[in-house]
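You will see two complexes here that share subunit A, one where it goes with subunit B and one where it goes with subunit C.
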Partner chain A sequence: MCDQTFLVNVFGSCDKCFKQRALRPVFKKSQQLSYCSPCAEIMATDGLHENETLASLKSEAESLKGKLEEERAKLHDVELHQVAERVEALGQFVMKTRRTLKGHGNKVLCMDWCKDKRRIVSSSQDGKVIVWDSFTTNKEHAVTMPCTWVMACAYAPSGCAIACGGLDNKCSVYPLTFDKNENMAAKKKSVAMHTNYLSACSFTNSDMQILTASGDGTCALWDVESGQLLQSFHGHGADVLCLDLAPSETGNTFVSGGCDKKAMVWDMRSGQCVQAFETHESDINSVRYYPSGDAFASGSDDATCRLYDLRADREVAIYSKESIIFGASSVDFSLSGRLLFAGYNDYTINVWDVLKGSRVSILFGHENRVSTLRVSPDGTAFCSGSWDHTLRVWA
Partner chain B sequence: MGVSTLQRLVEQLKLEAGVERIKVSQAAAELQQYCMQNACNEALLVGVPARSNLFWEPRSCALL
Partner chain C sequence: MQDDKTGGVPIRTVKSFLSKIPSVVTGTDIVQWLMKNLSIEDPVEAIHLGSLVAAQGYVFPISDHVLTMKDDGTFYRFQAPYFWPSNCWEPENTDYAIYLCKRTMQNKARLELADYEAENLARLQRAFARKWEFIFMQAEAQVKIDRKKDKTERKILDSQERAFWDVHRPVPGCVNTTEMDIRKCRRLKNPQKVKKSVYGVTEESQSQSPVHVPSQPIRKTTKEDIRKQITFLNAQIDRHRLKMSKVAESKEPSQHRVKRWGFSFDEILKDQVGRDQFLRFLESEFSSENLRFWLAVQDLKEQPLQDVAKRVEEIWQEFLAPGAPSAINLDSHSYEITSQNVKDGGRYTFEDAQEHIYKLMKSDSYARFLRSNAYQDLLLARKKPESEQGRRTSLEKFTRSVGKSLAGKRLTGLMQSS
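For the complex of A and B:
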């Protein structure tokens, strides 16, 4: 039936001028690129000049990368755990599951605490987003999303709304109402639109702006009221899986981690990447700022968690053990920053001494991968969500 | 990689190379100082009186 050859019209960003146009395949030294018509014509006449520029740019990039490594290495005079040798070791650590939140019909993918230190919002593969009172384990609100795999959810600072999204490529905001007659889904507001799945979202300091990360390789800042895109952040070479905003005192930056193994720190106002770190050996699933804002931790599929100091501009600690071979899906710091809680794909939660680099405790309880983990706003407990359909509050 | 992509990469690398850095010893000392200063507030380390952590309260049990 289909014996005709079709000319495929690809529409996208031209590799040369970056404008959105109809593209043609163009071959340069057996490498295929996509150029728009005007650029393809220029290339034809510009051939030789182009090749020289390409080669010199590549070597400039390589030498700059080398220089960056040199500069960072010059200041690497000691290891964090050496500095922390004189610090008193932590005593016996006992934490137990104090509450188990049951109700999701499938894998729990994400959760967030309300600023009131007791409410929790969680989202699941079953398409449901539930708001819980973690003290009583009662479900206060539930909404069914039009898509499955709701990979991201967040509580608004005011406690009056939640945001969530996933395979629908959007981030939607739902105001929380206590009126039993009102249908939560009716007041839904679509805020963000990406061209691939939503992997993470977070309100900024107010209910008015949301930061999102997506499988389309970008992060974006949106105005909730109008749905307008305020700033977009390009630079990751693959899906962005996580993000975290700097603590409010330290200014307008955030960190993101992706499948390109990079953690990138961004200036929210300019959209510029200010620092980038590429020491992980696999996807970065989770990033979290140290409470002072001077450092951040990351958890990766390479089974390690790492600490990066922003002022030294380098990795300063690795939290790993030979016996830990499964990826870390989610990390968070305790209130003082002394402890790092990390949830892993081997169903456990490891508690690390951030300064000394050693493991303080290992927590068992979940019956499948731990997918999400957050410490409560006052640091008295933390909550973990798992593929075993439950959430656990530990204290 | 196209020429524009490489040009952007070179610009980005120049920006990153220009970042002001401090020594790891100083950065590490400040991270440690923050921990120590806030350790007293850390309920999970210090332990608080049983009644003040509401999660430690058992949920109500009914004797039938």
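For the complex of A and C:
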């Protein structure tokens, strides 16, 4: 009897779902049962993977991970700090707070520099987003977001707009205007929509596209003008906390870090994960590319920062000390890439020698956690934002 | 850290005026311990870390509400595990009210309320006006229980309880270390435990903390997720491994392959089997040291850094040193350069020499190899059964070999000119 022309001559309750439907005979382990059509189809597709239990798949994945580590280890002939012994040691390190930006009413959560190397945008827990002139410490613009905990903010490459978002699950773009009469909030454009909080956002090389990371475990690329989703990136098993775009002009990749302890490198055109690194022991709070684009650093709640090389496809350095027991919330490289600035939850900023793996300096000054840290585009200074309501510019 | 005998800080009972202060440590002791055990060079760092530990609530100064660490004789006490912040307490205002109330009932100078605490109490009285009788009763019950305890024990417990509240209801102006990053709130280990009352008071209306987003179910990994992961891992492993062609392993090289060796010197060097054949030919001519030197230098370039120096020495001894067993023929200029390089011993010590030998092999040995019987036989896919050869007449052999060498010349001539 051909499948296409079976006659329904049995009507009754399905042996699987117990609903009253037209039934077909189905053979399971030489026992005849009666399933309704949908259940029969499900059974047919399930059968393909019948022998694969969750446990067997997991053990297969584990053994593959082991093999991958073996392959990676074959190229591992020397440690970074050993090769770096030939490199000249750094001179005396003197960096002080040169400006303190006061004005936020609550914890500062995020900040970004403008490409003009002078302006800074910062966002805080009370919903305020402020644009400052870092030389004069004047506030140039201020917007109040309708939500609290604005965890992400970014300056557009042109300097004409800012993007921000947080607990509202959205990323909004505000064009910056110097017209005093205009209400900035009126021109707001909602670009991204996620199903959970927005943890990070960044413009790509132009004002037209924004890359966002969210607590719903995904990253997404959006078109600013239309608000359309251009590409989404699935793969993280938990909240994505940070992202950074590759520095090249024709850049097509970015790295993201999440609460699943993984740092993943993505291809923006295909939406696929290209490389993944899972050596941290806790949430990755911050990732930043090395200036050349061949490596990236990450800061995590496990109190370490790590350097991953993309060509060697492995972790090549760990920056940690016994005396550092609080998580690193934010990292950034100096212009040359020789120094790594990392802000920690113990109110300090540690400066690491990237090549030698040693700590160059520890900077005190903030009175609460350092939540965000960025080096200026020309490398002459860096700015840190903290839960003590202030931002400090160091040089 | 607390046990003196196993390298911890000394905890003592200190005599002071008319009474004894039980179970204290000095600030200096703690700072010293931190510096020693966490390899901290700068005392400023140790004091900072100590202050943070105090601010979190694991250690506290016995006579100050402000939780900080000083490197002097100030006395500190360790907090009881019951009150540790790692238990993720989020004590309710009712508990705080009970506590402040209790303090006012006990007639002791040291338990007098500070200004900010008095203000807090007044505020709470207004807020809990209706429940105040209940709170008062709870406070009385607590005082009764406390009276039954031993005096010294009570001193310690009182101070620990006070430190607990200093963490959760900090002095105005102090950092509130219980504040959490909202992104991490969802994954608190024990969200249920948080709502438990410090004094075991059960209440119907436990208020929802505005900071806590109702905990979302953590996404369980499905079979599909793991299948995707397996595909990804396989792709990564393939990237790392260069799949060697199975043909390379076989003993009989195909005709195509043998022909390829005749295209250029590089082709034969690239192919493992080609190299072997060439080596065998050179051995028959007693000039195999050239190729062996070249191969050794290639291998040197791939050695791990720690072995490089050793290998350089070995190669020098084998091929170049005066009286070497496999001495290669280098002109004096090259020899000079190489012997200089050997002193530095890097991967590229023999670059110059290798290039010379390469040119030598290419112009001389390689050309002869292509004309050789061995190569020609392989090229024409001819198996040489020894018995058969014997049957050919010497004339046949002669004409054959002349023909071969002529053909070889023409072929190599063609190849090399193209």
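The criterion applied here is as follows: the second predicted complex is superposed on the first by the 335 of 395 C-alpha atoms of A that agree within 3 Å, B and C clash if a C-alpha of one lies under 4 Å from a C-alpha of the other, contacts with A are read in each partner's own complex, and residues count from 1 in each chain.
Here is the rule we use: a contact is a pair of C-beta atoms (placed from the backbone, for glycine too) under 8 Å apart; a residue touches a chain by one contact, two chains touch by 3 or more.
All figures in this text were calculated on a predicted structure; none of them were measured in a lab.
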Subunit B versus subunit C as contact partner of A:Ser323, first or second or both or neither: second
Contacts of A:Ser199 with subunit B and subunit C, given as first, second, both or neither: second
Partner chain(s) touched by A:Gly215 [first = subunit B, second = subunit C, both, neither]: second
First, second, both or neither for A:Thr348, with subunit B first and subunit C second: second
Comparison of subunit B and subunit C by subunit A residues contacted: B
Subunit B versus subunit C as contact partner of A:Ile130, first or second or both or neither: neither
Partner chain in contact with A:Met111 - subunit B first, subunit C second, else both or neither: neither
Partner chain(s) touched by A:Trp149 [first = subunit B, second = subunit C, both, neither]: second
First, second, both or neither for A:Leu241, with subunit B first and subunit C second: second
First (subunit B), second (subunit C), both or neither touched by A:Asn368: second
Subunit B/subunit C common contact set on subunit A: 54, 57-58, 60-61, 64-65, 67-68, 71-72, 77-78, 83, 235, 273, 275-276, 313
Residue ranges of subunit C touching subunit A (in the complex, touch as defined): 34, 37-40, 42, 44-46, 48-49, 52, 175, 179, 182-184, 187, 216, 218-219, 221, 223, 225-230, 232-234, 236-237, 239-241, 304-306
Complex contact set, residues of subunit B against subunit A: 1-7, 9-10, 12-17, 19, 21-32, 34-39, 41-45, 48, 53-56, 59
Complex interface listing, subunit A residues touching subunit C: 49, 52, 54, 57-58, 60-61, 64-65, 67-68, 71-72, 74, 77-78, 83, 107, 149, 151, 167, 196-197, 199, 215, 217, 235, 237-239, 241, 259, 273, 275-276, 283, 313, 321-323, 325-326, 346-348, 362, 364, 367-368, 387-388
Complex contacts: residues of subunit A adjacent to subunit B: 15-18, 33, 50, 53-54, 57-58, 60-61, 64-65, 67-68, 71-72, 75-80, 83-84, 87, 90, 95, 98-99, 118, 134-137, 235, 272-276, 290-292, 294-295, 309, 311-314, 316, 334-339, 354-355, 378-381, 393, 395
